[in-house]
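Chain nomenclature is as follows: A, B and C, assigned in order of appearance, with residue numbering initiated at 1 for each chain independently.
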């Protein structure tokens, strides 16, 4: 597919526009997660010194996933509202550019945010090692390897893309066909009382969650995400922009 | 070359007809006034032209291509109106940088010059602008984009008379240096008159007339004379208005008088004066409301 | 623009290198000593952990699929010396010696901190050991994974048993959940709480306090 200059310019404009809008996200949120984790670490350490038993502290990576997913879900929902669409179409873009640009932005944002969490986890590791230096009775359980860090980043990112695509799809259909989409969602929900529907849903989930190869799983997830996202863009096709 | 070609363009919102078989053509490198009363369909047309709305029926082509979702066309258009919202939390300077990314003809030096001219600080956030300042900034975006087709919907709303005047002179100067097609919808026709080259008058979604401004200025005349002379005279004319004051009558009619008719009126001491373009537009788009007001009066 | 992007990337890389090579005190990959023991699934299994607080789970309960061996995980830093273990092939009798000799827990109680990898790796068997939180849940010293349908004879200080088939239990306290308490079960101790479990005929519950909640 040859992209003409107008498409490239509009896409570049849209992507840079949104990335600059979200630039603080990549720094601020990992720092928040890091802050909370370090605080937890310190608190556990202090309580431990006081011989008060504590639960385990949620590390940056485990806590960061939840945080990233929540932030990205909010970003996805906010990027498919009427006012957001209005704001983007102030500039000379068409629906194809909007759809492609939005996908690129969700991809970059998810990846950057997770990479930010990964960077924050390095600070967490350093902090734990510093405690170990000054308090020799520290036992630092470190099962993390570089391979698992990178594989985890990739898998988490792939899952994020699927989750965000599904949310984008639902949101876009709600935006365009409110009542019909709500009715379909309710019907789908109610269908869970039917065993074959339950097992069908489980089969779909099994397609992903029982996969043992990181590469195949990420291919499955990213391909499905692209298809789901593309379906989510269908309501955009003939949608008017009421600026 | 035709920039805008509109053939039987209709736009329906539910049961409401906003544009009704609108047809006209606009050539390139002209400043055109898009005039009509409130609810005439001006904004709907401009938004359809900008590719935001899809025609219900008929055809709208820009440079020979359909406009809805067509990036080749949209890339050459800038639309500004008072509802337009740029990134609220962005500084003006940053929004101008965006302009250079999105618009292929963007003139950044000119944009900054205008920013300085309107005394807008580029560190100021868009959300902090007053209504008038927002309008000024929107104008900067509209002009600096230098798009071959610039659509301005009531571009001077919220501006005081002095700034409006400045805007007109800036627009004219920029247009002289960088000719392009500029379509302006406004209700301040008297102020715009010297700026415009053509007028498209629209009423209830249809084009009433489309003429060069010079023709519009000659389009109608007021006759002020004796009742017994003028009333029979205007019977066969297209009359815009009549006002009887005792033995005198002031009648506004279409200016299609022959030389003999002019001579006849002169001989009968009838004063002849031009009707302003604004009044012509008002007369041509007059609705029944006038009569209701008359009855109330 | 490029500079703005490159600076945080370079900073992150430097930080990562420092974090990874920075020498720490006691660095370990596990808090446990883990013992994987082959057993005969046809015979009842005796778990003898007299002085320890244990949790017994079936494989399926935790990992989703059943397995045919037993894994015993002992909180390593509580061990005063290396564990000795044996499996009696005849009776599938497991006993870990010496693990109950705990270190002092007053001044020297260690501060344990675990670096946790991405939770999404949980679905991969090869990463599962990295993802499982390395702490003994519910305050247990020993955690034992057993096949689902093997009858168990358990002796311990405290027992938490989930999703197991119980033949006998001897402990001060016992918390039994989602288990099948077999016919003629013999249980003794101070207190027992049974939840969402089926209790077979002639079960002898010789406890001072017995609390049974309805089965699912």
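We take it that a residue touches a chain if its C-beta (ideal position, glycine included) is under 8 Å from a C-beta of that chain, and two chains touch if they have at least 3 such contacts.
A quick note: this is a predicted structure, and the numbers were derived from the prediction, not measured.
Ranked by how close its C-alpha mean sits to the mean of all protein C-alpha atoms, the top chain is A.
Using the mean of the Cα atoms as each chain's centre, the chain most removed from subunit B is C. Centre-to-centre separation of subunit A and subunit C, using mean CA positions: 33 Å. Here the CA centre of subunit B is 80 Å from the CA centre of subunit C. Between the Cα centres of subunit A and subunit B there is a gap of 48 Å.
Taken in their complex, subunit A has these residues touching subunit B: 4-7, 9-10, 12-13, 16-17, 20-21, 83, 86-87, 89-97, 237-238, 240-243. Residues 47, 50-54, 69-72, 74-79, 81, 83-87, 90, 94, 98, 101-104, 147 of subunit B touch subunit A in their complex. Subunit A meets subunit C in the complex at residues 27, 41, 44-45, 48-49, 51, 53, 56-59, 61-62, 65, 115, 119, 121-126, 128-133, 135-146, 148-149, 151-153, 155-156, 159, 209-212, 214, 217.
Across the interface of their complex, subunit A is touched by residues 8, 12, 15-16, 18-20, 22-31, 77, 105-106, 108-121, 123-127, 129-130, 133-135, 139 of subunit C.
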